[in-house]
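In what follows, chain A forms one complex with chain B and a second complex with chain C.
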Partner chain A sequence: MTGRLLVAAAAAAIAVAPLVASTYHVLLMLPFMAYAVVLLGLNLLFGYAGLVSFGHALFIGIGAYTGAFLTSHCKIRSLEVILIAAAALGALVAAPVGALCVRYVKIYFGMLTLAFGMVFHTFVLKFYRLTGGDEGTPFLRPSLLGRSLEAMPKIDYLVGPYYYYSLAVLVLATLCMWRIVHSPFGLCLKTIRDNPAKAETLGIGVTRYRFHAFVISAVYAAVGGALLGPPIGNVDPTLAYWTHSGNIVFMTLLGGFTSFFGPVVGAFVFIYLQHWVMSVVPYWRLIFGAILAAIVIFAPGGLLGLLEPRRAAVRL
Partner chain B sequence: MRHLSQATRELLRAHGPRYNSPRYDRRQILGLAGAAAAAAALRFDVAPAQAQGEPVKLGVVAIRAGIAAPVGAAGLRATEWWAERVNKAGGILGRPVQLVVEEESNPKDTVERYRKLVLQDKVEAVLGGISTGVTLALGPVAEDLATPWLSWDGTTQKGVEETMPNPKWAFKSVDNEVEAIVAGILTPKYFKGIKTVAGIGNDYSYGHDCWQSYQAVLKRYVPDVKFVLELFPKLGVTDFTSHIAAIQQSKADLLMCSFWSGDATIIMKQAAAVGLFKTMKGVFTTAGGVHDSLKKEFTPEGLLLGYNTMYFDDPKGGPLLKQFVREYKAKHNEYPPYECDHAFFNAESYKAAVEKAARGGRQWPEKAAVVKALEGLEVESLSGRRSWREDHVQMCNFYQGITTHKNSYDFVTISPVEVVSTKQAMKPAGAKLFDWINGWKI
Partner chain C sequence: MSQHVVNVLLSGVFHASILFLVAAGLQVIFGVQKIFNLACGSFYALGAYVGVSAVGWYTAAGGPPALFIVPLALAGLAVGAVGLVVERGLLSFVYERDETFQLLLTFAVVLMMEDAIRLTWGAAPRSTAGLYLVYGQTHLLGATVPVYNLIVIAASLAIAVAIGWLLTRTTFGRIVRATADNREMAAALGVDLRRVYAKVFTLGTALGTLGGALVIPATATMSEMGIELIVEAFAVVVIGGLGSMRGAFVGALVVGILRSIAISTYPELEMLLIYLIVIAVLVLRPRGLFGGAAV
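And now, the complex of A and B:
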């Protein structure tokens, strides 16, 4: 009950943020909401299926480049079309990648996803005419629900309609993921994570379930990647680089992969912590490295794990 | 980080209302700002919320990590030097300068830092930006936020094409390919009889664009020249053994290299180890950015070496350059690279534009009036007179010359020094680069 109240309070706070918070802090909420969508998907793989991907920036990149390509080259500005296209392309690429990766677990799975991520990074870097190479591709302002909103100042657009659009996508993504993880499919994933041999003997197709989880998580990452694009305005290969994959794993660990909302909290804390630490000290990467080490050693359940120390470490 | 030098701190202490004073809370300052707004309403071009003597905040975005960190550090040091100098002289229109420094990293994070500077820190202008990959994203953001942005070294070029031909708030660096064009002009002057050329550059837009531009220019001067090899190693590579072997194998008369960071030093060392430049001429368009690491022991005489827009040892350099080089060396124990000149010019031209827009008065002008004043403005920079073109692109001189060991340093310098203006080596506003080069009368 307390948990539900907290979630409701957080949702209400996010909803009223544009009315009470400074413009800059509202703008920071945009990458938070985009990453929250990505991390909900990543945690299906990480927290529920027990597979750590170090290549999910690949799918963020696919989402972001899909939006950039459609708006810049195809004159398609509808964000609904962009999100659907990003999700479809994410699934399309995830199918062969996932089919190969989910045959392996632990470090082998991580390394394979990293390798595919870097293949995509090299692709966007090298295919200059298609992707703009290191200079990237502009992500032009998308229309929302058929409304162009082109005349509106960009900042007003971002902290107004785009903010609430992102929030709606996040809420929808959260509800869908909640249904997924509480469905028989989600229960099977947890069984596979905890004891794959036993799951196999129970008749659960381990590889098939992992594959489905991989594709769903890729779709979430692609949708989140598409949401990341408009606030930046230009999509570039750093979005698909392995350090970006590392960042989202860090966010998941920070918030706690053992809880449904842990990664979402991780995204929020990461973004605001980065905002604060970057302005205070040039060696912010060192501080983030120390935080990561501290979490892994002292709080493997992440921030949400710290709040409920008495409960079992893995509660998904 | 609020980046205050000692001199700035002292000046800030000397001017009221003080930045860190506990006597003023946010509401009081807003109240004062409101009163100032009412007073300033008498003139339409006067910014309302600026009390005289209150520090003027200038945002700075500088690379502070990775391969380009030394370049960012040089730009930041020059900006700090400028701020100390301005504050000692009484600030801008009586207001001391306060720098607010943020990191330039990837486009996404830098856009967020940029917005913080304008929306949260309320800076009057933002200085800096080096990587074109980042500044391509910053350009439209600067236009959205309606605050002047003066880029040190970043452009809004996609390849060699301008993406923002008519910006209102964005002021950009010289076109990326200018130093390659200058080198293309000087190559036939110093290396007569060149028939075959090999090229090496970093595998990203800058490397490719420099190579294309250099070829186009050299072809105009030496129509029968052949380009026999092109290599594009990844930025950050430290082993060029195989590349050097391929260059030797090509038996080219000349090697053109557009490396600008530590890789220029590394390839020079590795080339020296196999005596590459005993049989081949060399053109290093941009290696002057790491000039004091090009030690005499491995950097031969007779190479064409580019210093971009500032040559620290320019025999014709003015007293400002000499003072800067002396103080920079004393403080940082190295000789300043060209990024210092870009940074100094940006800051100095901003100051001059504010003073011009104030029309001799002491009232702080509107941002739009400052932008108007910047267009076409010429000021004294470290390298001499520099200006802003009407389409917000820097105009300046480029320095290149032939490496020599005849100096008192342990690294090479250049003699003679060639000075080529952007009026000659940069495409005019609105022109297509290769059409423009092909249209030259030679």
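And now, the complex of A and C:
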């Protein structure tokens, strides 16, 4: 019960943030919400299916480039169309990639996903006529629910309509994921994570379940990737680079991959801490590397794991 | 035409000999400790920066330019000691954990090392100005090659032979191979795993830092060089087979030469071609060309 109250309080706080918080903080909420969507999906693989992908930046890249391409080259500005296209394209790419990757687990799964991620990164980097190369492609301001909003000043657009649109997407994504992990499908995934051999003998198609989890997580990453674009206004290949994949795994671990909301907390803490550290010293990676090392060694359950000592006995 | 082919091949082999050193470091660590060391690229970058500084001091102290390779290689090897610090200070805490956590810990080292290098040496590229051609150039089958490249290729071959000798002909090598095969059994037979891990990780690191030091006269340091090289080294070990030294050798040649051919014919393909081969190998023969072989 306290859990539900906390979640409701957090959602309410996010909803009133634009009214009370400074523009700087409200703008930081935008990448947080986009990453939260990505991480909800990633954690279906990481926390629930026990597969750590080092290539999910691929799907972030697909979502972001879908939006950039549609707005810059196809004159399609509707964010609803962009999100649906990103989700569809993410699923389309994830199907063959996932079918190959889920045949492996652990380190081999991580390596294969990393290789696919780098294929996409090299593709967007080298085929500059299509993608703009390392300069990237502009992500023009999308229209929301059919309203153009072109005349609005950029900041007003971002802290106003776009903020609430992102929040709505995040809430929707959270509800869907909540349903997924508490469905028989989610329970089967957990069984597979804890004991694949037993799951197989119980009649669970291990590879098929992993495949479905992979595709769902890719769709989430693509939608989140598309949401990342408008605040920056430009998407470039670093979105698809392998270190970005590593960073999102880091965020998940930071918040705690053993709990449903862990990754969301991780995204929040990561984004704010990163901006705060960068405002003090330019060397945020040095500090974040040390934080990651400390989490891996002392608190593998992440921040939420620290709060709940009962669950601290993490095995993965 | 043939001159062009020789040029492309030789630059490919030069790149391959550097890649081999880094990949060999990756392999020996994976073979024995089952850790996929993402930080091997960072060690390579560290070796490069330390190498440039060492040569800088050497030149400032008035050492003869022809011998610059001595301080370069020594600095590259010496800074491998950082591997001992990383192993004892970080990795030794997570040996009991899942390999995912070990992988993430090496990713933490990647992050820290990238900024540590930027903090120490700044973001501007550095090079060993002019020393690259101090040994002159030579003509080989109609192509003009810097002698330094040939020295590095020869050194890399010599190191390959030395590693082979170390692993197959010495007591240390026998212990290492036994540990790679079955660490519980090795421990039961009286092998001190702590010492073996510390030595192996330091050896793997030193190979990477030496590779970084040796490459630097031919190019310049960049703060991104580490995280870029790791994906190439990764391609090498996947193609060759994780944990196999012979695999590292063949994989390095495949990646080095293919990359060189791609750059000279169709630059867009460069790494794309290599990743596609990596995926093909992972799908068709996940253990790599030489997978399953002893270290």
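We take it that the second predicted complex is superposed on the first by the 310 of 316 C-alpha atoms of A that agree within 3 Å, B and C clash if a C-alpha of one lies under 4 Å from a C-alpha of the other, contacts with A are read in each partner's own complex, and residues count from 1 in each chain.
Note that a residue touches a chain if its C-beta (ideal position, glycine included) is under 8 Å from a C-beta of that chain, and two chains touch if they have at least 3 such contacts.
These figures come from a predicted structure and were not determined experimentally.
Visitor: Quick check on the superposition: with chain A as the shared anchor, is it clash or fit for chain B versus chain C?
Guide: After superposition on chain A, chain B vs chain C: clash.
Visitor: So, does A:Asn234 touch the first partner chain B, the second partner chain C, both, or neither?
Guide: Only chain B is touched by A:Asn234; chain C is not.
Visitor: Touch test for A:Phe123: chain B only (first), chain C only (second), both, or neither?
Guide: So A:Phe123 only meets chain C here.
Visitor: Looking at A:Arg285, would you say it contacts chain B, chain C, both, or neither? Reply first, second, both or neither.
Guide: Both chain B and chain C are touched by A:Arg285.
Visitor: A:Leu114 in the overlay: touching chain B, chain C, both, or neither? Say first, second, both or neither.
Guide: Only chain C; A:Leu114 stays clear of chain B.
Visitor: After the superposition on A, what does A:Leu6 contact: first (chain B), second (chain C), both or neither?
Guide: Neither: A:Leu6 stays clear of chain B and chain C.
Visitor: In the overlaid three-chain picture, which partner chain does A:Ala293 touch, first (chain B) or second (chain C), both, or neither?
Guide: In the superposition, A:Ala293 contacts chain C only.
Visitor: Would you sort A:Gly246 into first (chain B), second (chain C), both or neither based on which partner it touches?
Guide: It touches chain C, and chain B stays clear.
Visitor: For chain A, which residues lie in the overlap of the chain B contacts and the chain C contacts?
Guide: Residues common to the chain A contacts of chain C and of chain B are 284-285, listed in rising order.
Visitor: Mind listing the chain B positions that touch chain A in their complex?
Guide: 1, 64-65, 102-103, 106-109, 111-113, 115-116, 119-120, 132-133, 136-137, 140-141, 144-145, 158-159, 163, 203-205, 208
Visitor: Touching residues of chain C toward chain A in the complex: what are they?
Guide: Those residues of chain C that touch chain A are 36, 38, 90, 93-94, 97-101, 103-105, 107-116, 118-119, 227, 231, 234-235, 238, 267-272, 275-276, 278-279, 282-283, 286.
Visitor: Looking at the complex, which residues from chain A come into contact with chain C?
Guide: 52, 54, 100, 104, 106-108, 110-112, 114-116, 118-119, 122-123, 126-127, 242-243, 246, 249-250, 253, 283-286, 288-290, 292-293, 296-297, 300, 315-316
Visitor: Enumerate the contact residues on chain A facing chain B in the complex.
Guide: Result: residues 22-25, 27-28, 31, 125, 128, 132-136, 138, 153-155, 228, 231-234, 236, 238-239, 274-275, 278-282, 284-285 of chain A touch chain B.
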